[in-house]
Every structure is written in structure tokens, then in C-alpha cells.
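Both of the next two complexes hold chain A, though its partner changes from chain B to chain C.
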Partner chain A sequence: MFEFYARSLEASMIFTFAALGELINQRSGVLNVGIEGVMLFGATLGFIVAQTTGSYAAGFAVAILVGALLGLLHGFFTITLHGDQVVSGMGIWILGFGLTTYIGSAYAGPLGLPRIPTVFGVSPFVFLSIALVPVVWFVLSKTSLGLQIRSVGENPVVAEVSGISVARTRYLCVTVGGMLMGFAGAVYALNYNPVWNYNFLMGWGFISLALVFFSLWNPWILLGGSLLFGVFWQLALNPQLVLPGLMSRYIWRTVPFAITLVVLLLMSTPWFRAKWGAARPEALGQPYVRD
Partner chain B sequence: MRLGALEVKLQPRASLPGWKAALISVLAIVVALLLFSVLFVLARVSPLEAYREIISYAFFNRFGLPLSISRGIFLLLCTYAFIVPYQAGLWNIGMTGQLYLGSLAVYAVVLALGGKANPSAAYPAGLIIPLLMLAAMAAGAAYAGVAGFLKGKFNVNEIVVTMLMNFIAFWLVSYTIKEGGPFMGGSGEGEGFKLPAALNAPLVAGVPFTAFLALALAVLLTFMFAKTKVGYEIRAYGKSPAAARYAGISGLRIPVLVFLIGGALAGLAGYHYFAAVPGVYKIPTNYGYFGDLAFYGIICGLIALGHPLPAIPVALLFGGLSVGGRFAQGKLHMNFGLDYALLGVLMITLVAFQFFYRYQIVVTRLEREPADVRVLR
Partner chain C sequence: MQHETINGFQRGAPVLELRGITKRFPGVLANDRIDLEMRAGEIHAILGENGAGKTTLMKILYGMLQPDEGEIYIRGQRVKFHSPQDAIALGIGMVHQNRTLVAAHTVLENIVLGHPRAGRVLNLKRAGEEVAALCERYGFKVDLKASVWQLSEGEKQVVEILKALYRGARILILDEPTSALAPSETEKLLASIQAMANDELAIVPFITHKLPIVLATSHRVTVLRGGRVTARLDTANANERILAREMVGREVIFRLERATVERGAPVLQVEGLSALSNRGYLALRNVSFTVHEGEIFGIAGVSGNGQHELAEVLAGLRPAVGGRVLLDGKDITNASTLERWRLGMGYIPAERNEVGSIGDFSLVENTAMNYYFDPQYARRGIVDYKAMRRLTEEIIAHYKVVTPGPDVRARNLSGGNLQKVILGRVLARRPRVIIANLPTQGLDVGATEFVQNQLIEAKKAGAAVLLISEDLDEVLALSDRIAPIYEGAFMGILPGGEAEREHVGAMIAGTLPKDLVV
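Up next, the complex of A and B:
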């Protein structure tokens, strides 16, 4: 049973990194639905670099770098060219899915490096992901930079008038957010499940995206959600641990997605919106055109 | 910005005539193919030779051409499934899940008729094939309708919903065709049972009849958008849901309707590929590969700017490129996934080109200042 919870924590660490990246994006008003694509890129390039150089550090560094570049690309399309954020995000996702399938297929199979040592029986990245939550919370809600980010996400016109550069702030957020998403992908491919396969993320990025809506843009709730979904994910992979023989293991695989759907639905009811609807960044998804 | 005696300015377009939009779309495809040749160069393959292999297999080979057409029609149906909600400003990226549900419905009906136990029985094809198509469309529509309802009633983000439902459908198919699932074939290789030969879709000129149906649907959909009240309501909702509501257009009916139509078309794509294309006639082990190809529908829909008729050449071209790409990949000893890589490059190029649909580059020649004015300064 310890093994089950340890693996759950390790699943939730990936959700946490990726969703924190998306949360930082969204607090500045930029929606990036391409999170799965950024993760695939980070995972695949990190995997290839780590395997060819034999160095985990190099793999993670490349994953963070490619995440930053894809974040910048999303920024370029949406902030500089005022493009539709959904179109750009979809583009990054399909680019990631398509190109990594081609690039990675020559490296299909296990990573072949010694596993990263565990700390208290779990991956060290579990602690890093949990430690990152108060950091993001502190920066967003207690510092002037955080105020700047939030004001850009709520009302960019007012922010600009009060002397904040909307474009610079948003660029910062999409880059840092992209780095976290790329890193999340690398944590998956280098630590959680170090085997490269065709389109192996199978929805981690989209669940992370849903987790940000679930979190009401609050890093602490996001952590709670990630921990919960880590357990669901492990349950879906190993149903025999809890309810042996109840349903086909394939049916269990649908459970995390079904639960995400139900949660999204509950959060969208008028009752919930009346109570908590104000948490959504006002300018989320809207391009800001300065005239 | 000034370049010598020229001034270059970016201006938002007031309107975009059809021929200019078409030109931009063609240019986007050409640029994407140029960018894509980098991959050939990296693999030490001459891009010209690679494209020649791809095009000649896809469009000028008697084995390749029918494959390209079947694949292109599949993409075309997926494109319609994207376009109809897109005209209402909504994103259906759940074609994959909807076509899985469609094919599950087909095989559920066949199973109920005893087609698994008795594959060589004589069935009245003229009666049952329409039934299979209806079942596929109903299942796809119902599955997509969930997303439309959640959007219209509770404003749940339809992108996330349709994507989550893709994964649910993916695992449902695995359940039905693997490890003793109800549709598992006799070979035990984790694929679905074969469609009885009597129910194989009739071929017209060597291609499944669904191809002609798909072409006719383009006309029907164009008529619907241009001439009918419901088409007008869909487009009005797409321009501005709030304004549409003031005009008395229901904020629930339109999202539900477009997703029902889109889902039905995706379901038909599922029927087409898994029950009408020669050589398939079952849910194969690698159904995930075909399901993921449905994302080409997004690209075709965007390139065609949401119009069904221009989507026809685009879908047929991409169908051919994906078939030819798979062939060239084997022949030129390249990595698996060449066709997916093309999907990605096309998509990101198209995103960049969205800019040109909205802005134009205006170049004006600056009048050279007369010498006497320059002296005065």
C-alpha cells in the first residue's frame, strides 16, 4: 500500500509542475491549451539528450529550455501578433504531438540510465513540487511582481495606464510557465516512467489544464487537486489493489477523465459560479491590443 | 518601418475577399511543405526526391490512389465535424472520440445481428448498411452532444470536455476489442471481429460509396450555412453569442445543435474508415493511429476558413500526403511518424499565417522630398 501512495505522489508531482506553469500563464491573462504539447516536447527532447549524453542534468536543462522556447512562441503568436490564444495553443499541442512522434520513434524503449535515487521512498521531485507551491503563492499574492501579473490578467488597460508593461509581464509568465511544463514532461520521461512510447502522455497535459480551472487559480487548491488526481491516476492504473476484479482495467483507465469531467461540470454550475466565479482572471483569453 | 524609399506598415484588414483568403491558405501550405523539407535534409534525404515519392505514390499509383481517396474522405468527414461547431465559434477537438463511438455503434449493431458468430451469413445489405450508418451517426452525435450541452447550459470549456472524452472513448475501444472484450476478434490479437463480407460497403469506381456521400455533404452543409435560418443562427452565434441571444437565438440550442451535427459527421467518419474502406472492415489494433489522424480535420477546417467546399481539395491533399508520407518513410528508411510530423508543421505554420488573415502589409513609396524643401530644414 505504501508503494501505491508513493506512486500517487509521484503522479501528482507531474500534475503540480505542469499545472503551476499553466496557472502562472493564466494569472497574467494568457490561456495556453498547448500544455500537453509542451510536455511532450520536454519529455521527448529531455529523454533523448539524457540518453545520448548519459546526464540527467542535461536532459532536464534541455526540457526547461525547450519549454521556455515554446512559451515564447506562444507569446509571440498571442502577445505580439495578437493571435487567438486557443488557435496558438492548439498549434503548439499538435506540433508537439506530431513532431515528437517522429523525433522520438528512433529512441523508443527504456531510458537505460540508473534510476534517480528516491528520498524517503519517493522521487525527490515530489518534495520540489510541493515546495514550489508556497513559492508561487508567495510571489503571486505577496510581491509587487505578483500584483503586476495579477493586474495584467484582470485588467490590462488599467495596468498599462499605471505604468506596467502588459507585453513584458505576459512574456515573462508564458516563458516561466512554459519552463515548468517542459520540466513536468521531463520529470515524467526521466523519472516517473522512463520509457519512450508513441504519444505516451495520453492526457496528462489536458488533466493539468483542467486542474487549473479546478484550482480557482489558487496554488494551494491546485496542490490539493494534484494530490487527489495522483491517487485517481494510480487507482486507474492499478485497480486490483483496491477493488480487484470489479471492472475491466480498460474501463478503470477512463475513471480519471470521467472524474475530471464531473468536477468541471460541478464547478460550472450557477451555484458554484455565484460563490466563487470572481476567482477567474477577468482578461483570460483576450488578446490585448494597445492603441 | 522604413526601408529606403519604401514605408512598410501593418494594417488590420477591414475585409478579406475570398480569392485573397484562398491565396493565403495556399501560401501557408507551400510554406509548411518548405519548412517540412528540413526534416528530409536532416535525414539526409533529398526533399525533391522525397516529395516526388510521396506525390507519385499518393496520386499516381494504382495502389496508392484508392488509399489516398479513402483517407482523404475520412479527413474530410472529420473536417466537417470540426467546421460545423467552428462556424458557431466553438471548438470540437473530439472528432477522435466521436468517431470511435461511431465505430463501436456499428459493431454493436453487427454483434446484435449475430455477425460475430456467423460471419458468412447472407445479410440484406441494402437494409442493414444504412442502419449501421445511422447507428454510427447517432452514437457520434450523442457523444458530442454532451459537450454541446455542457457548453450551452453551464459554459464548460468545450475544448477540455471534448479532449477528455477522446481519452474516455479511446479506453472504451480498448475494452471492447482486447482481453476478452465483447467485440474481440477470433484471432486473439487484440483487434475487433471482422465485418461479415455481405455487409462490406459497396464500391463505386473502386472507392467506397461513402466518398460520394461526403462530397454531397459539402454541398448540403454549404446550403445550410448560406441559405437556411438555422445556418444563419449558427453564424450569428459564432460572431457574438451575446448579440445572438438578444436577437432571440437560444444560447443552449445552438451549441447543442452544432455539436450534434458535428458528432454525427464524425460518427460517419468512424463508419467510413472502420466498416467501408477495403482492407480494414474491423476495428484494428492500431485504431489509435487512425483516431489521431482525425486532428487533421482541425487543420483542414482552419485552412478552408470554416467552409465545407474548399475543405474538399485540402482534405484530399492531406489524405494523400499522409498516405504517401507513410510510404516514403518506409522506402527512404526514415523514422516512423513522418505523417504526424507533417501534421505538426502544417498546424504551426497555419497558426503563424492566421496573422495574415487579419492584417495586411502595406508598402507605400515615400515621395522624395524636393531639394528645396530639404534645404529649408
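Up next, the complex of A and C:
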């Protein structure tokens, strides 16, 4: 049973990294649905570099760098060119899917490096991911920078009038967010399951995206959600653990999405709006055009 | 005149001067050699209709636009603003009419947003103390921890003023400061403005209408028309008639003729109507009234007291949670919007740009939105655009809409002209009942007069008119009967000709005057 929970925690750490990256993006008003693509890139290039150099550090560094570059690319399309955020994000996903398959197929198979040692029986990244939650929360809610980021995501016009550069703030967020997504991919490919395969992520990025909506854009709820989703994910791999033979792994895998749908439905009810106000960043998904 | 110096400002000393400010836009001379002088401790109102160049001048003052010609001096020093940041740094503060606040943030977060001294880690405790001191000093009351979306319009304005003051503004530009406020809120604001002026701030309110407020508060008035300064007066030497003449360029009749029309059969009957607000609470409580042929029934109230919900329920845009609505005796409580239009209802929504029109559609298409179901204009689902175009041209001619033509996009029209098109397309159908929600809000003196006269004409033609307005004077002048609304319920129904302004004003603030028996 410990093994089950340990693996669940390790699944949730990947959700946490990726979803925190997406949350930072979205709080500044930029939706990046290409999160799966960024993770694929980070994972694949990190995997290749780690394997060729024999250095985990180089692998992670490359993954973070690639994530940052893809974040910047998304920023260029959506912030500078005022392009549609969903279209740009889908483009990044499809590009990631295609290109990593092409580049990575030569490296299919296990990583071949000694495993990263565990701490208390789980990956050290579990602790890093949990530690990152209060950091993101503090920056967003207690610092000037965080107030600027949230203002840009809620009402870029007001932010601009208040002397904040909307473009610069959004670029910062897509870059940092992209770094976290790329890193999340590398944690998967170098630590969680160090074997390269065709389309090995199979929806981790999309679950992380759903997790941000589930979290109501709150890092603490995001952490809770990612722990929960981690358990569901692990159940999807070993469905016989709870209800043997009853539900296939593919049904379990949809559970996080089903929960997110319920949360989104709840959010749109008058009851919820009256009680919680608007949780969703008001300007999410809208390009900001200065006039 | 006193000569004391506070913060380097001398009472009566010029702090801001504009010399020969000119700004051209393609085809328009928005500002034509404007000279202005603002003094410390003075309330200097800038008056002008829509299109007089006020907005342009305001944007130049705040660094949002750069003038083509002319110079700006602050305390005798020539300055150039490249952005609002430059203006803020030199002590200019701006309170926008379209509130520039983040709805999801708290009051305090909004105030410190972008402030250079906010620090890396926000010190909200210290900022809170400083802002509280400002509130104390000038008599503002607002909960700093509340989220902005929970505030009334008046409170939001207070937040904007506090934000400017916290930034160190010594020259405060106010865009239509009282247009969205309740009478009681207006009084408080004026007292605070007075307090700030006593503290050597220069206060510059830009005003389109509400001339009495100009007269009551300001020390000097500058009137703009067609981009030029047409008058510069000490308020002591001004009166309403002079100011209106300078603004409009002709004599304006302030007394509207109350047409006495024989009251006909009941058209719109509302019985015990209740409705919920967007936030889910009971916004309209058990309201009953009847509007007859040839009658204007006025609902007076401060924004957010359920009148908006009432208009939407009547138009079929919001479900009723109790009560009935009858149109010519037919129950339409649950009827669709289209059925209501067919039965002779005309709706003039408060949101001209969001609900009343589609900005990217031409005027012809916008007119068609009210006629696509009319067999005269659409056969077998095909709209007769030739006929629609003719009708639109008639509306443009009859209502004197200023537009290059009927194919112009709605968003390119000024508020007053767009409202004329909306009014025209409703009235052209000769509706049995007209629901007019804030029909003159934000319009200048000329357009307001026009819209009000059209409503009177409709009444003379036998329509039942439900007028919802936040402008007390408008309701008093137009209505045959007046229902003050407060927190979703009527405070009574008064006969229009005899209702006293003070009584109605007290009732919309929720108090029943003692000497009034309803």
C-alpha cells in the first residue's frame, strides 16, 4: 500500500509543477493549452541530453530552457502579435507531439542512468513541488509583483493606467510558466518513468490544465487537487487495487476530467458567484491591444 | 485672499497652465488653441457637451495624448507628458468616469497597485494606515478590505480619488464626478471636494450636464464648445441659463412642457412582481403598478435598487420569481422576448453599446434587429434589406442622427446619436408600451432634451411609457406618476405634478418623510 501512495505522490508532483506553471500563466491572463506540448519537448530533449551527457543536471537544465523558449514563443504569438491564445497553444501541442516523436524515436528505450536516490521512499521532487506551492502563493498574493500579475490578468487596461507594462508582465509569466512545464516534463522522463516511448505523456499536460480550473486559480487548492488527481491516476494504472474488474483504467483516467467538469459547472452557478465572487481571471484568454 | 504656503503651493497661485493647446484628429479639430489656468485651492469646472473636446483635453492633461501644438506649464515650468506616468509624477491625478479598478481585488490592493513605494513585499498594513488617514482628513468612508465588485458606484469613485491622492496628486481631474451617484453620495462627495480644495489641491471637474452642481461647488468655470473655449467665468457671475447657452450655442428651455393627455385604458399591468439579481438575491420585491395609455410612469431610484432587474423582467430578459405581468390584459409573465415585441412592447435598454446595439453591425442591420420578425420587412425568413435601409434613412432624417450614412457601423456613432437610432427603431413600430431604462444617461444637454421630447411625443400618441431614471429632475419633469424605488420595493406612488423634489429624494434614499402621508 505504501508503494501505491508513494507512486501517487510522485504522479501528483508532476501535476503540481506543470499546473503551477499554467496557473502563473493564467493569473496574468494568458491561457496556454499547449502545456502537453511543452512537457513533451522538455521531457524528450531533457531525456536525450541526459542520456548523451550522462548528466541529470544537464537534462533538467535543457528542459527548463526549452520550456522557457516555448513560453516565449507562445508569448510572441499571443502578446506581441495579439494572436488567439487557444490556437497558439494547440499549435504548440501539435508541434510538440509531432516533433518529439520524430526526434525521440531514435532514443526509444530506457534512460540507462542510475536512478535519482529517493528521500523517505519517494522522489525528492515531491518535496520540491510541495515547497513550491507556498512560494507561488506568497509571490502572487503578498508581493507587488504578484499584485501586478493579478491585475494584468484581471484588467490589463487598469494595470496599464497604473503604470504596469502588460506585455512585460505577461512575458515574464509565460516564460516562468513555460520553465515549470518543461521541468515537469523532465521530471516525468528522467525520474517518474525514465523510458522514452511514442507519446509517452498521454494526457498529463491536459490533466494539469484541468487542475488549474479545478483549483479556482488558488495554489493551495491546486496542491490538494493534484494529490487527489495523483491518486486517481495511479488507480488508472492499477485499477484492480480498489474495485477489481469493475472499471477499466481508461474510465479511471477520465475521473480527473469529470471532477473538473463538475467544478466548472458549480463555478458558473449564481450560488457560487454570489458566495465566492469571480475566481477566474477576468481577462483570461483575451489579447490586450493598446490603443 | 489668504497667502499661506502648504507643501510649496500657495493658495491662488497658478499650478497648471495650458497655452494654445491644439489637437487634430483626421477630419476633426478636437482642441483649438485652448488656454487654461488652474490655481491651487480652486475648483475649476470644465463644462461642455459631448464632442466639445473635453475628453481630448482631459487625455492631454493626463498624458494619454500629446498635443499637436501648445505648451503645458506646471508651477511655471514647461513640461511634456509622454505617458500618464509623467503626469502622475508631477502631481496630476485622474478619476475616470469608466472606473479603472480591478473588480476582483480589494480596495487597498487597488490603491497600492503600481505605487512606487508599494515595496517588493506589499506592506498592506502601513499602506492601510496611510489611506485611512487620507479618509479621515477628507471625510471619505470606504471599507479598505472589501472587494471592489461589492462596492456601489459612489464608493468606487472614492477608491479612485484615494488612489490618486495616495499617489500624491495635487491637481485632481474628475471626469463626470457625480453622474452615477445618489443624491446623498453627491453631497458627501462635494463636501470632500471642498475639503481637498481647502487643502490647496486644484480640483478640475469635467462636466457634461448637471449644471446645478457646477454652480453649487466651483469657483470658476470654463466652457468648451466645438473644441474652443467659449466662456471663462467666475461662478459667482454665472447662472444655469448662461452656462447652457454657452455650451449648446443657443437658448435651452429647461422647463419641459408637461403635456396633459387624457389617460386611457391600462396597458401594462404588473402585479406583485419579484426577481433575483445576478448575484442571486431578491433584487425586486413584490412590485405592483399599472401604466395607462398616454401616461409616463416614472421610476426614480439610485442605481442598484432593483430598477434594472425590473426593466429586464418586463423585457423578458430575466425570469420573474413571483407575480404577473399583463400586456393589454394578456399574461406575458413567461412570454418570450419575441412575443413581447409582437404584442407591442418596445425596449430601450440602459446598455446602449452592449444590449441596445451591435457595434460591428451597420445602422441598417441594427435597425433590422427589431424588425426581422415583422412580415412587412421579412418574408419567408429573408430580410428585405431595401425596405430596412429606407426605414433606417427615415429614422436618421426624422431623428436628426449625425452620421455619414446608414451603412456606418454602430460603434462609430456618439452616444447621443446611437441612442437616437435605438429610440427611432423602437418608436417607428408605434409600440403600445415603451420600457425606457436610463434613456438619457451620459447624453449631453441637446441630445437629452431631444430624447425627452420624443418620449413625450410617444405619450401624446397614446403609448404607455415606463421611464426608469436615476436623474431625479428628469423623472419629476416627465412623469405623470412617480414611484421611488428603494432596495427593490416601491416607497409609494406619487402624482407627478405635485411631487416635491425633497420628498422623492428622501424616498429613493430609503426614508419616508414624516410630513408626507402616502
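Just so we're on the same page, the second predicted complex is superposed on the first by the 258 of 291 C-alpha atoms of A that agree within 3 Å, B and C clash if a C-alpha of one lies under 4 Å from a C-alpha of the other, contacts with A are read in each partner's own complex, and residues count from 1 in each chain.
Here, a contact is a pair of C-beta atoms (placed from the backbone, for glycine too) under 8 Å apart; a residue touches a chain by one contact, two chains touch by 3 or more.
Model, not experiment: these values are computed from the prediction.
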{"item": "Touched partner set for A:Q148, first chain B, second chain C, both or neither", "value": "second"}
{"item": "First (chain B), second (chain C), both or neither touched by A:F213", "value": "first"}
{"item": "Which superposed partner A:S162 touches (first chain B, second chain C, both, neither)", "value": "second"}
{"item": "Which superposed partner A:Q286 touches (first chain B, second chain C, both, neither)", "value": "neither"}
{"item": "Chain B versus chain C as contact partner of A:R253, first or second or both or neither", "value": "first"}
{"item": "Chain B or chain C, by number of chain A residues touched", "value": "B"}
{"item": "Partner chain in contact with A:N197 - chain B first, chain C second, else both or neither", "value": "neither"}
{"item": "Residues of chain A at both interfaces, chain B in one complex, chain C in the other", "value": "270"}
{"item": "For the chain A and chain C complex, residues of the former touching the latter", "value": "142-145, 147-148, 150-151, 154-155, 157-159, 161-164, 270-271, 273-274, 277-278, 281-282"}
{"item": "Residues of chain B that touch chain A when the two form their complex", "value": "39, 91, 93, 150, 154-157, 159-161, 163-165, 167-168, 170-172, 174-175, 178-179, 181, 288, 292, 295, 298-299, 302, 335-338, 340-345, 347-348, 350-352, 354-355, 358"}
{"item": "For the chain C and chain A complex, residues of the former touching the latter", "value": "84-85, 88, 96, 100-105, 109, 112-114, 118-122, 147, 149-150, 276, 278-281"}
{"item": "Of chain A, residues touching chain B in the complex", "value": "33, 77, 81-84, 86-88, 90-92, 94-99, 101-106, 198-199, 202-203, 206-207, 209-210, 213, 248-251, 253-254, 257-258, 260-261, 264-265, 268-270"}
